[in-house]
Structure formats: structure tokens, C-alpha cells
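You will see two complexes here that share chain A, one where it goes with chain B and one where it goes with chain C.
Up next, the complex of A and B:
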């Protein structure tokens, strides 16, 4: 777990977090961080819906973080929903997935639940109708609020140029804008402004979202270098590492 | 008393000056860097109206947490299949209010138009807005939240923002202070960190309001914000106060704005319209043959007309009015 960044976002239940990343500053480490945090919390269970990765990929990373996902899989503690084969007209579609989420939350005996959607950009790539994506996302956010659960959604920020006018790029821009205007906390990973360096992988920012009502939250900016062993991962306040802007 | 429109919009202080500002459509715009919601919350909490909020982006819980003692009802757009059903629901709420809270003014807030335009066609959304405006016209105010940075894709490439702006009586754009200064060219080197989005310190509003007379009012004002009991409270301030805060050499900018020299119209011509010193001397010495007062220092005239007939002129000494009998 990454202790330096754990205390940035207030520790209350029922919050919504949007994670945005880029090709050169991937935020998978954050997804694994929140997954690990929930696994280690005895009073919390987790619902992980993956649109791009399979269970083995999370399992191997979590092993290095000291968590054995095998013992939790298919138990109430860890609900993994494989949504890789999702399609608007197929057996796995957003309506079915939402029904699964609803059932799992209704039956949960844990004090709190964290729902992770990783990553929602995939729905745009397969040209899932945008209004159905928005409906699904809104319903997930609403049900999380009803059950006082945390919801974490990941979306890529850069899927093309700003000037692209193809339907996928336009839908992506609209979806990103919609999410940025609906979530309480926005975590972004970006490449370094000044270029590439071996010591730092990127920039990690915690910003206030439009719907944040916790006015004592302090936005933060870090430079980071992630190691397979979390104990060796580093987070620096911007400007405090020599030679890096 | 502060006569700014923004002050009136939030606090209702200048009703006489802005008579038509309490009805019609307000297009409340914001950007990805700065939300308009802090301004809107202050409007809601300062005006004793009844608010019907169409929630398409934010959940009702956000309004529950943010609104103090304001009277309001949230309608979730997601609960309805068509925009017509949403319209009917809003009309029912207004109708019920007329019965139970007859004296309370109604305000409809749409959060946000962008998402409505994704879910429904632009024609349906524009008709919806028009029909909202027709509900008890001149009594109801409609506030449309519009996110400026979101691309709206319309079938016929219609510039939807222009259409919405022209439908609105009042257009308000809320911008991040630093971004505003950068756009004005007042501070190219101003660093704006990604974590500064949705600042809870201040922001700048650009307003365009159509007065009752049809005259357009333009205004740029700022607000500063403080947090009291976990609620954002704004005060309207002039932009210069923020310039003092963020731009160290703001005085130079103000001085630059003042015109220091007259514009010379002959500056960029391809032909010469100027006179040399010698030409000016000759011009001043030129005697104008018909200008009698040129040498005469006595500027008072008798009113006498000097007529010098030419050879061809017919000069008749007789009084032309001699045949008049009065």
C-alpha cells in the first residue's frame, strides 16, 4: 500500500473517485492500491469490474503487495466481474452487469463496499452507445450512494488528438467531461511537464471534483516512481527532488 | 450600493435597475477548470424561491448536502424514458407549487444541458427548453447549466451554444481566475497547477444581460469565496482586487491600458498627406481674397452682406417686395 497518498482523500464512506491516466502515465498502480487497501480492511468488501484485464493479472500484482486474491475470489469479500466480453447485444451487457452489482450490494453483510470499474474507456472503443454508458454510470453512482459505498472509475484521458472529430473521440470527450463534472475527487496521472527521467515516472494529482462537499480537503500534487514492491515506491511533493521540475 | 448585475443576480439588491432579471432563461456556463456550482449555490441559498432541479449529472444527494434551508425538489432525468415525460413531471411540480406555495416564485435548474443533448436530439432539447420557458411566462426563471468545454455533436453541425445564448436573457460564464488572466494576456507566465481546478478562493464571471429595453449589458466581475460551516459563501468584488492578488505588476497593465498618444491617421498611408515646415509657412502666409476678416482684428460684424455682382448678373435696384400689400 502506498501510505503517503492514503491520507490525501478523506476517509469517509460513500465517496466517488475518478481516476484519469494517459498512455505514458498509466494508473493501474492506483487501481491495485485501492484493491489492496480494501482487501486489507476487514470491515470492507470489494466489487471489481474489469473491462480490460483478467483476474490473473490482478492476482499476480496483488501477490507482490502481500495479498493472496485466490482465497477471496468468489467469496463475499472479493467479487470479480469479468466484463471483457461485454457487447450491447450480447449476454454480457451493461443492464446485466448493473443487475449483478445491485444483487451483490443488497446481499452484502460487510459494513462498506468499494466498487471499482476498470476501465470505462473500453466501452467507447467497442462503440457501446454513449447514453447507455451514462445511464449505467449514473445508476452505479446512485446505488453506491444508497448503500454508502465508494465508487472508483478509471478512464483514459488521451485516446487521440484534441482535434479528432471521429465519433469515438467525440464520445470520449463528452464522457470525460461528464465524469469530471459529476465526481467528488479527481486523481490524475500525467507525464512530467519537463520531460522524461529515470528517477520519476510521472505526476500524480489529487484535485477537487465539482460535487465535492468536503471543503477541508487539500488538493495535492506528487511526483512518483512505482516499484513492484510497494515498500520501495516513492512519492515526492513537486519540486522536492533534485534535478526535477 | 453595489450596482453590479452579478451582485443583483446573487443577492437581489437592485430590483429596480434590473427589472427583467428575475424571469427568462439564464445560461450559466462553466469550464472544466472552474465549476459554476459555487455561484449557483449562493444564488439558491440567498433567494427565497422554490427550486425544481433536473438532475442529469449530479445526484440529488449533492443538492441535499449543499442547500441549506432552501425549498427544492430534485427530479432525476434517469427515471424517465423520454424528455416529454421529464417536462410533464416538471410541469406537475410547478402546478402543485401554485396551489400550495402560491406566492413563492419558481426557478427551474437544468444540470446539465450537455448531458441532455447527449441523451436526446438537439431539436428535442431546444423544444424542451422552449416549453419550460412557456410555463407561466414572465414568472418563472430557468437556469441552464452548460459546460463550455464539452463538444456537442449535432446532426446538422448547428452551433448549439450560440442557439442557447440567443435564447437566454442572461449569459454568465464562470472562469478560473488564473485562466482568465492568461486568456487576457495579462499573465503569460502564471503557473496554474492541475490541482487548482474548482478553486474555492475566487473566480471571474463574464456577463451578458439583455435589459427590458433591449439594451445589452456587459459586465466582468469577480467573486471571492470563504467557507462557513462547510458551505461556500461568496462576495462580489471588482476584478482589480484579484489582479492585485495574482499579478505583481498589475499597475503596469493598468497604465498600458490608458491611451498615451493620439492616433495619427496619416501614419500608414502609401502617399503623403503631411506638409513640410516650409509648406506650412507658405500656407499660413497665403492671402485668401474673399476672407475680409483676415486682417481685421475686430471680430464683431455688422451683419451687412457684401455683394459684388459680376458682368452677367442682373442687378435690379427695385425692392422685390414692393408689390406686396400688407
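Up next, the complex of A and C:
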């Protein structure tokens, strides 16, 4: 759990966060940050749906961050859904996954739930029909609203700008633009604009989404260097130009 | 750097041959066969990782990676699976680079026997070692062996040759006579050593390859019926192969091995002969499923990809297709040789290096940060050189300015303020 990140976004339930990243600036640390945060919070449980990683990946990272996921696995506290083998026609598809989410939220005895969708881009990459992805995402967001739950979605934002007819990248940019317009908070990770340096890995920006109603939230820009041990990670607030403050 | 701190490692776990555990990420590592590349990744390539090597448009340096990777696998007694559509996989296997100290121990023995005879003929002991050094250099023998020149005839030679003869001649170090002899043999020549030395001027002994036949599996995609779904078919074959007890992550069998998979020129035009419209998601799904498979077994995959045909080259990284594949790979490397550059580089650079080595993504398996100790600036400032015998990756730095100026030529150059031709007059 990285404290500087935590202090930016208001701590109240029912928020929606979109995390966008690129190949060069991987945002898995943000996913793990929110995972760790919810594990530590006794009143929350987690629904982690992963399309690209296995459980061991989260488990070993969380171990280094000071959480033992093993004891929570298969309890109500941590519901891990491995959706790696999702396919439109297979046993694991979005309809079934949504049913699972619905059931879990209904039966939950916790005050609040955090739903994490790790990498929704995977659905696009395997050419899942766009309307079904949109439908799934919309339903997830609405049900979170209903139960006052947090939803955190990760999406890659690097779409090549080739002009050839690549249906996946057309869908990708549509989905990305749509999501950017529907979430309350948008966290972006980027590589450094100025090149590479030893002490900084990339740039982290917190932006207000269109639907955000929190007035005490200030957009921030951080330079970061991540270490699994949060104490060794560094976050530097980027300076602002006079006049924009 | 050794420290007294030991990581808690499950001792019940059987460790596959020729692997080591990273001290930083606790991942199981195997060697890629290129020491400098291993070093870059923090000791070796993590088992269960999927590596993409983007080819260069003008050269075939990327193929060397695959060859090193396979050679190392064979030398350290691991199993290899070579898949290709462009080349005949047999050609790849038959053109592997030779190992200097490897399994070909019989050959080394033979050589040393010959040398013994040579030495007996030659009575002049003073000159002998020196001559040897020269001879080795001529014969493209390993550099390591040149060290022998430094040892006088009476000391114990750390190299393997003539151990029996030398034993009786121990004079200075008589106290150590009974100690087990330090033997490079066991360390470097053992079949399951971590990393061997390869020599690009040689090819791997055909006899050796023949003896390893059972460890080698070759798949030629072009032999297949192109109307089939080659990606599903290939995945099923790999899955079947990995079902063997040797590669599963349980403790049923005592000996575990790592399967090295090399896919040569993945996604070249030969991979889509049947479908006229390029089915992009098929390749992504194949790699994604392959990655899951790799993670759950003792296996490792490296593939080269001619990314330039998808508009992904030096100046424009715009291919969204390649981007997607990059996202699913653990490690992405791009070879960018100096060939075909619009503005040719200075000769000083090109004689030192052959091209840039770009690191796009480093493996972060079960961790948030990769196990590299290299600083970020060095990491993005690498170049590779391919010498006659070896391929290595180094930090790219410009050579000192060596222009032939008047000053260097020894021309007159007045340093003082006065116009008089005295050099130290102010």
C-alpha cells in the first residue's frame, strides 16, 4: 500500500477508478496497491478478476507487501476469479462472470466490496464482441453503484496509430474513450517525457473524470519509482508552473 | 556478492537440472547461453517466461539469441523444442555454435592426448608454455586456456590437462598435495553447468547432436496442412509435451528438467499461408495460452519475430498488433543493428559495436520490479557486439574523440600568450 497514492483519491465507498497504462509504464503496482488496501481494511472484501495473471503472481507480490493472500483465498474476504481462459463461446464467458459477481455482492456480509478487473484490454485482444464487453462493464459499474462498492478497472492505452484496418485497435480506441468518459477518477501511468533517469521510473497522473462529483479532489502529477516494499518506493510531486495553481 | 543471509527455500522442492535460484526475485533461472544477457536479466532467464526478440530488418543477429538458447539447453542436458515455418528446424539444430568447454569432453580428452604427445617431443621446457599460448591463439582455442601461460611448469595447473603427470612434480605446494585437486572440469565442463562458453567460429559436434536426439523435438510448420488451425494444433502439441512428469511442478519424479521452446520467426508470412485476412487475435490467444502453460510447468519460451513487416521498426512503433503481443510477453527485446541507417555512424562506433540493443520490457514474474541491478539509464543505453567468436551486450559509450589534429601530429601549437615560440612563456 503506497501511502502517497492513497492520499490523493478521497477515501469513500462507491467510487470508480480507471487505470490506464502502457507497455513502458506498467500499472500493476496500482492494482496491487488497491488489493493491499482492501485486504488491510477489515470492513471490505475484494473481488479480483484477473484476465492475464495467475493467483501466484498476486500472492507473491502481496507477500512482499506484507499481506498473506493464502489465508484469505476461498474465503469471503478475497474472491479471486481466474478468467485467463475466457472466450465468447467457452465455459468461462462474461455472462457467467457477471452472474458470479452479482451473487457475491448480494450475499456479501461485508460493508463494502472492491471489484478489481485486471486488464479489461485482454477481452478486446481476444476479439470478444465489443458490445458484450461494454454491456459487462456497464452492468458491473451499475451494480457497484447500487451496493456502494468500489470498482477499479485497468486498461492499456497504447493503441498504435497505424491506419490499416485493424478491427481490434478500432474497438480498443472506442472502448478506451468511452471508459475515460464514464469513470470518476482516472489514473494514468506514462513513461517519463524527458527520457530515462535512474531515480524515476515513470509518471503517474490522477485526473478527474467527467462523472466526478468530489470537489475536494485535486488532480496530481507524481514521478514515481516503485519497489515492492512500499517504504522504499518514491513518489515526487511534480512541480506546477506559476499561474496554474 | 556473497552474504550470510540465506533465503528460505523449500528444500522438498526438486530443482531442475542446470537452473539456479535468483537471489533477488527467488525465481528459478536458466542461462540463455549469452553471459552478458544473463547478467542483464539479473542472473538468467526466469523459468516460465516468454521472451520476444524483435528481429532487425537487415541482419540476422536476433537468430543468434535463439541458437545460443538452444545450444545452452543441449549442453546442459535440457530438452529443446524448435518450431519454425521459415527455415527447416533441422538447419537450426545443425548450425548451432560450438561449445568450448561443454559436453564434448571426449574431444577435449583427445586434444589433450595429442598435446601430451606434442609435449613429449618437445624437450625445451622453458619455451613450451609460451609456444602453447601462441598455438592456442592460432587454433581458436578458448581464451580461458591461455591462462596456462602464466603458470610455470612446476605449479599445479588449474586446467585439466596432464593431471597425472603433474602430481608427482608438486614441490612448492606439497602441503596441498592430498587435497582434492581444484578442477575446472567439474565446474565448467559438467553437462549440467549453468552457462557454457560458446564459440561462433565452430559448429556443435554432429556426433553430440546425434547423441542428444531424444532431447530434441523439431516441428516444421510448413509440413503441416495449411488449412488446419496451426495455432491450436501447435498449442496442443506443446501442451502434450509439457504433460510429461519431467516438467510438471509436482514432486512425483526425482529428476526435473526444463523444456526450452524456440519459435523461429513467429508470425512471419509463412504462419498465415491459409487465411488471407490476417487473424490478429489468433496469435495473441496462442501466446497468452502458451504463457499460462509456461507458468505452470518447468518450461521457457523464446521467440523471434520479424516485427518490421508490421511497421514496427526503428523510427515508427506504430503497429498495434505488435503492441498487443508485447503486452502478453514477459520480456521484449529489440535488436537494432547499424546496418541500413540513414545517416551512417562514425567509424569509431561501428567498429566497436554492431548495433543497439533495446530493452522494451523486462520479466517481472511474481514481482513488481525486475531483478536487474542495472540502473535505468544504463539499461536503455546498450549496444551489442558480435565478434568472431562471441556475441555480447555492453553499455554503449562513445569512444574518445581521436581526430588527427595538428596538435597530435606534433605540429607547432603555441600555448603561451606571447608570440615568441617558447612554450611556457607567459
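The working rule: the second predicted complex is superposed on the first by the 233 of 245 C-alpha atoms of A that agree within 3 Å, B and C clash if a C-alpha of one lies under 4 Å from a C-alpha of the other, contacts with A are read in each partner's own complex, and residues count from 1 in each chain.
Convention: contacts are C-beta pairs under 8 Å (C-beta built on N, C-alpha and C of every residue); 3 or more make two chains touch, one makes a residue touch a chain.
Source: prediction; values computed, not measured.
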Chain A as common anchor, with chain B and chain C clashing or fitting: fit
Which superposed partner A:180 touches (first chain B, second chain C, both, neither): first
Touching partner for A:126 - first (chain B), second (chain C), both, neither: second
Partner chain(s) touched by A:188 [first = chain B, second = chain C, both, neither]: first
Geometry of the superposed three-chain model: angle at chain A (Cα centres of chain B and chain C, steps of 10 degrees): 110
Which superposed partner A:158 touches (first chain B, second chain C, both, neither): second
First (chain B), second (chain C), both or neither touched by A:209: first
First (chain B), second (chain C), both or neither touched by A:197: second
Touched partner set for A:142, first chain B, second chain C, both or neither: first
After superposition on chain A, the shortest CA separation from chain B to chain C (Å): 15
Shared chain A contacts, counted only where both chain B and chain C touch the same residue: none
Touching residues on chain C, where the partner in the complex is chain A: 280-281, 284-285, 288-289, 292, 295-296, 311, 317-324, 326-328, 332, 360-361, 364-369, 375-377, 379-380
Residue ranges of chain A touching chain B (in the complex, touch as defined): 130-131, 134-135, 138-139, 141-142, 145, 167, 170, 173-174, 177-178, 180-182, 186, 188, 190, 203, 205-216, 219-221, 238
Of all residues in chain A, those that touch chain C in their complex: 23-24, 26, 28-29, 32, 52, 54, 56-57, 60-61, 64, 84-85, 121-122, 125-127, 156, 158-162, 166, 168-169, 172, 195-198, 200-201, 226-228
Contacting residues of chain B [partner chain A, same complex]: 32, 35, 37, 57-59, 61-62, 65-66, 76, 78, 112, 114-115, 118-119, 147, 149-153, 193-198, 200, 227, 230, 232
